[in-house]
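So the structure is just underneath, and the comments pick up after that.
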Amino acid sequence: MHFGSDNQPGASARVLDMLVAANLGHTHGYGDDEWTARAEAALAEVFEREVEVFLVPTGTAANTLALACLVRPWQAILCHDQAHILVDESTGVELQSGGARPVGISGGAGKLTPELLASHLARAGSDATHNVLPGALSLSEVSELGLVYSPQELTGLADLAHRHGLKVHVDGARFANAVAASGASAADLSWRAGVDVMSLGATKNGCLAAEAIVFFTKGLAHELPFRRKRAGHLLSKGRLLGAQLVGWLQEGHWLDLARHANSQAALLARELTTLPGVRLAWPCEANEVFVIAPTALAAALRAAGATFYDWYRGALPPGVELGEHELLLRLVTSFASSDAHRDELLAAARAFFHRRHG
Amino acid sequence: MHFGSDNQPGASARVLDMLVAANLGHTHGYGDDEWTARAEAALAEVFEREVEVFLVPTGTAANTLALACLVRPWQAILCHDQAHILVDESTGVELQSGGARPVGISGGAGKLTPELLASHLARAGSDATHNVLPGALSLSEVSELGLVYSPQELTGLADLAHRHGLKVHVDGARFANAVAASGASAADLSWRAGVDVMSLGATKNGCLAAEAIVFFTKGLAHELPFRRKRAGHLLSKGRLLGAQLVGWLQEGHWLDLARHANSQAALLARELTTLPGVRLAWPCEANEVFVIAPTALAAALRAAGATFYDWYRGALPPGVELGEHELLLRLVTSFASSDAHRDELLAAARAFFHRRHG
Amino acid sequence: MHFGSDNQPGASARVLDMLVAANLGHTHGYGDDEWTARAEAALAEVFEREVEVFLVPTGTAANTLALACLVRPWQAILCHDQAHILVDESTGVELQSGGARPVGISGGAGKLTPELLASHLARAGSDATHNVLPGALSLSEVSELGLVYSPQELTGLADLAHRHGLKVHVDGARFANAVAASGASAADLSWRAGVDVMSLGATKNGCLAAEAIVFFTKGLAHELPFRRKRAGHLLSKGRLLGAQLVGWLQEGHWLDLARHANSQAALLARELTTLPGVRLAWPCEANEVFVIAPTALAAALRAAGATFYDWYRGALPPGVELGEHELLLRLVTSFASSDAHRDELLAAARAFFHRRHG
Amino acid sequence: MHFGSDNQPGASARVLDMLVAANLGHTHGYGDDEWTARAEAALAEVFEREVEVFLVPTGTAANTLALACLVRPWQAILCHDQAHILVDESTGVELQSGGARPVGISGGAGKLTPELLASHLARAGSDATHNVLPGALSLSEVSELGLVYSPQELTGLADLAHRHGLKVHVDGARFANAVAASGASAADLSWRAGVDVMSLGATKNGCLAAEAIVFFTKGLAHELPFRRKRAGHLLSKGRLLGAQLVGWLQEGHWLDLARHANSQAALLARELTTLPGVRLAWPCEANEVFVIAPTALAAALRAAGATFYDWYRGALPPGVELGEHELLLRLVTSFASSDAHRDELLAAARAFFHRRHG
């Protein structure tokens, strides 16, 4: 019963097969190989336009290297106060950017809004050398709390950001889940909405370690090759990354995987909330279920073999506090989540309440 | 009518005289001179104990170099959300520390409290490599909003910080004003309260450019000489810094200067708040007056020749918002503030209301 | 005819099989998985002692993260003037260490010696804050010019380094080739000779992307987990790295692969030097052949489909200069080098001279 | 008998007087004051053109901040292998630039030449992401070994640098001495020769702490204000720097001071070399005397009260080695060097030989 993270399974069979296929023969090193080229072509097709692509092995590498190209070391990167780049990637942004500062914006209902952004900008200082002025906005799609920005929401944020001179980055660690959930196209959820650069994550959704930094806006990528190399993120055997992405993107495989994960999460959310004392902290729109649940239930599920994380109290909706015997839990489904595991979890939960109230 | 900042006058006559006296003759370079040694001795006397002292020319240098010795590049430095190190020193902390992160704590009444600190710590993540765990607490004495921490308040914060493994730094840009205002000794407001290292500012209170990084806790200072040198803050003619501090500290001169500034601010606060529509945003405890005032009044005062700053809206007390025709203003007095200037400002303010309502 | 680099083939069949085997099932994330644990155990066995191991995807990551744990940002890392960390890894050392400086030592016969090191130390400044004093020595085994340090040579260098307070790092990108060539054990060529930490490379010798930072000396590794995470080198699906290393180390597979590469290089060197105007720049001791050859020959070989690199003129032996129509070439063999390719290259070379002189 | 460094006296009387005069009254902070403006105007006059000027308190600040504007963190800065930025400013370049690398060029006769530069460029790698390609050339005028580049020499170097895409920086810590010695104008020795930016030092030649970063080439300075602020080098009381420079530049005072220092050095060099076993390591062209002298003589002079430094053996001319009982010494004169001290030193030296041989 694995609901800890979508990084706990391996690769999908198709992705693994492509990796095995790619292993044969000699290629040029350092990304100058046919698999990398094929991945780039596949990304251009998915996004319905020319793009500049740089492959790296981790999401932290993708986010921090991309952002380092958007800001100078004396600027800020605005993001949600639960953003992965702020909370879960150590001081990676600072390292790669030479000291730029990620700044979290609080409040709101699980997503940033133009109003929140405008309010932040109005309260911040504007003295260019003394204050740390923002140079970029980083959004997460799927959001930090499992919600999906619509194309309209992204457009509203990107427009405001651009009017203030900010570049727009999307942390797309679960972008596949967002595309699958929203019904909008990858293009609609990125460059058509004004996104300048995206970290497109494949690792959490069927690959072993493969992320693509995708630049949509011309003129922003010129530093990336240098930053990737000095950070140690230029793989000599580029086929490892290229082949995974080729397999992942081929014939809509990436979206098939995401749809499965999303539907598992939706079912889980629906069933869990039928239990007494269990309520969603946030609507389940993609493949993450944030629930507030009795501490004893969490213990019982873990005793039954389920894995999942207690989550940051800072991730609770504004105004919501945990009761004394409650926890905020995050359960994540993946392409590899099985009906059996889901049913086993739900059965264990129901058994807990039977024992307790029976 | 200079109320823009306490960095707008020059040096006090005594400090300048000492600088002139120190100019004669040859000395060793790079801080290995008698004036630096005398400054160190004077600081030991002021703080009533042995201290490790490093002189630098600016407050930003003092704060950022001191903090860089307290944390590693993957740690956070907790501070008030209006702290100078967070808001007004660009990304100096990130530069000197190699990427550590200053994190502002919001809320409260112009000062941090153990409750605010505890609440922040409880909501933050604790996964040592993924999350950015705090390594230090930085307080400002005088506080960011012109308030003075008592020895008891400092002790409460430092104790809690130490229990969580944090080192405690004080940004003492206006420490002289705090000592003068509180009646407590320099020792009571620093190491006796648990402070590990202080940036003691003299520039704003009678010097031209002289700040002392004062380490109270053994074992924290060993990196400082290297950090100061590579940052370009080791002056070859150390007497420039040493002589200023000698003159400043001699015979309580520093506190005389601070007392004058404080009393000018108190009078200003008292008189300004007798005017219609003018109210203090924060109590005036040292040499800064934070007032909410009509926009038209601010314009009239500036037209009459007064200088002062509109201040960050983020510096308003929680729950207080500006009216449509109001501004938050900061007026600062200094050792050089004259009765004449103060009276001229007040006269201009009264004249404004006469014209308006007359 | 692929002699460009040992990073141009894919993974060996055994390594790939292990990767496929590891793909099944769920594991914990971020290196807390059984495959990583098995790799650690395999390394302990190979080195005949307890070690602290950190897996990363690239050699640049391994070198720069390891070195960042050995020095402070105001120190130097001494290395050969053709060292990969100095010449081929951009400013990766500076990035990860926060600004420490790699310093090349020139002269000598393709390897550093205690004499060269002593001479460098004697000529350098010793003023600890002004000068950039060395904190570490980094050696490459196999050396930058394809030579193998004996255990005695390593011991001599490490002893001198330790006497001067320097930590000793080995860039073992081709350590397997060194072990295979020297007949000494992995332990003899590392910690028994005084090496404190090694970057053990598997990528160039049969893996796709897998490097192990191996700490032998206690107390040096505590920063590594933080540095690896913030640099984006902590893979969420740790099995990718762990499984490769398990397959690579199992049953001496890594040394079998290296022996093959070495023997191919030896044959190539022997045959090439029978050709007119072709001479070795350096003895061929592992899997790299540095030859000085006529420009026209290089062109002819490339026209026949061979790949290899022109090499830095700075890599010529002291006193050796290229003739007007000569190039320094580097040919590298790998586990995947075939007799057929080697023979094809030699045939093309002989054909060139036939045409020319026939 | 102070010959340790030209940073051992205080300020000249005229400079000090100007500082005292500037102390009166209130000014705007952070360099937006009339004294800074007057210094800028004086520099424009000295250099006979419009310039962009940024004042900082130390030479290390000036050099490292200026260079950080010329290169990206993955580039190299070429300089003489005895350059102050390489040898004596810790890893300041790395800090301010975010990890760019200063690279020393060896050989030559105390100055860089186009030939040395060309040879270095030819031997270095050119693979833009892997190798560390140069982005700037930094020259010292006066040179590291006390020599003066002529306008023609500077032009030759700057032309070659520009043809290779390098920006040209001059470390002018002793630029006044160079101008005084060469008879060429400040303009001839800087922008007319192709220099893009200079660190103009006043501290060593009559000020207490005042250096000017002077940009000649448009478009290079835009990052400087941000870099200066975050590094803590933006003084709040800008008059401290401005006034010193105004006094220093007024009526050619800076050149009068430098001429005095130069002539004292010339006399010292002439007389010292009449002594047995004493020879110049480098011609004395400005205010530094590099002599090779008997160890016993150095001890005798120090016993007599003279101060001066043993110098780096790396600063010896190529091919010159010290005898067993010899040292390389550096004696520096300044604006404050007196005939009396010089004669006292020479008398002590002569007495030493009398005692020894008498």
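What to note about this one:
Each chain carries a letter (A, B, C and D) given by its place in the written order, and its residues are counted from 1.
Operating definition for what follows: contacts are C-beta pairs under 8 Å (C-beta built on N, C-alpha and C of every residue); 3 or more make two chains touch, one makes a residue touch a chain.
All values reported here derive from a predicted model rather than from experimental measurement.
With contact taken as defined at the outset, subunit A and subunit B are each touched by C, D. Between subunit A and subunit C, the superposing rotation on Cα atoms measures out at 180°, rounded to the nearest 5. Of the two interfaces, C-D and B-D, the higher number of touching C-beta pairs belongs to B-D. Comparing mean CA positions across the assembly, the chain most remote from subunit D is A. Look at where the CA atoms of subunit B average out and do the same for subunit D: the two points lie 35 Å apart.
Centre-to-centre separation between subunit B and subunit C, using Cα means, comes to 52 Å.
Once the centre of each chain is set as its mean CA position, subunit C and subunit D turn out to be 41 Å apart. Shared interface positions of subunit C, i.e. residues touching 2 or more other chains, are given as 30, 73-74, 89-91, 94-95, 99, 129-130, 226, 229-230, 234. Residues 73-75, 87-91, 94-95, 99-102, 122-125, 129-132, 312-314 of subunit C are the ones touching subunit D in the complex. Every residue of subunit C that touches subunit B in the complex is listed here, in rising order: 30, 72-74, 98-99, 128-130, 223, 225-230, 234. Contact residues of subunit D toward subunit B in the complex are 2, 4-5, 7-11, 16, 19-20, 22-30, 56-62, 64-65, 89-92, 94-96, 203-204, 208-209, 226, 229-237, 239-240, 336.
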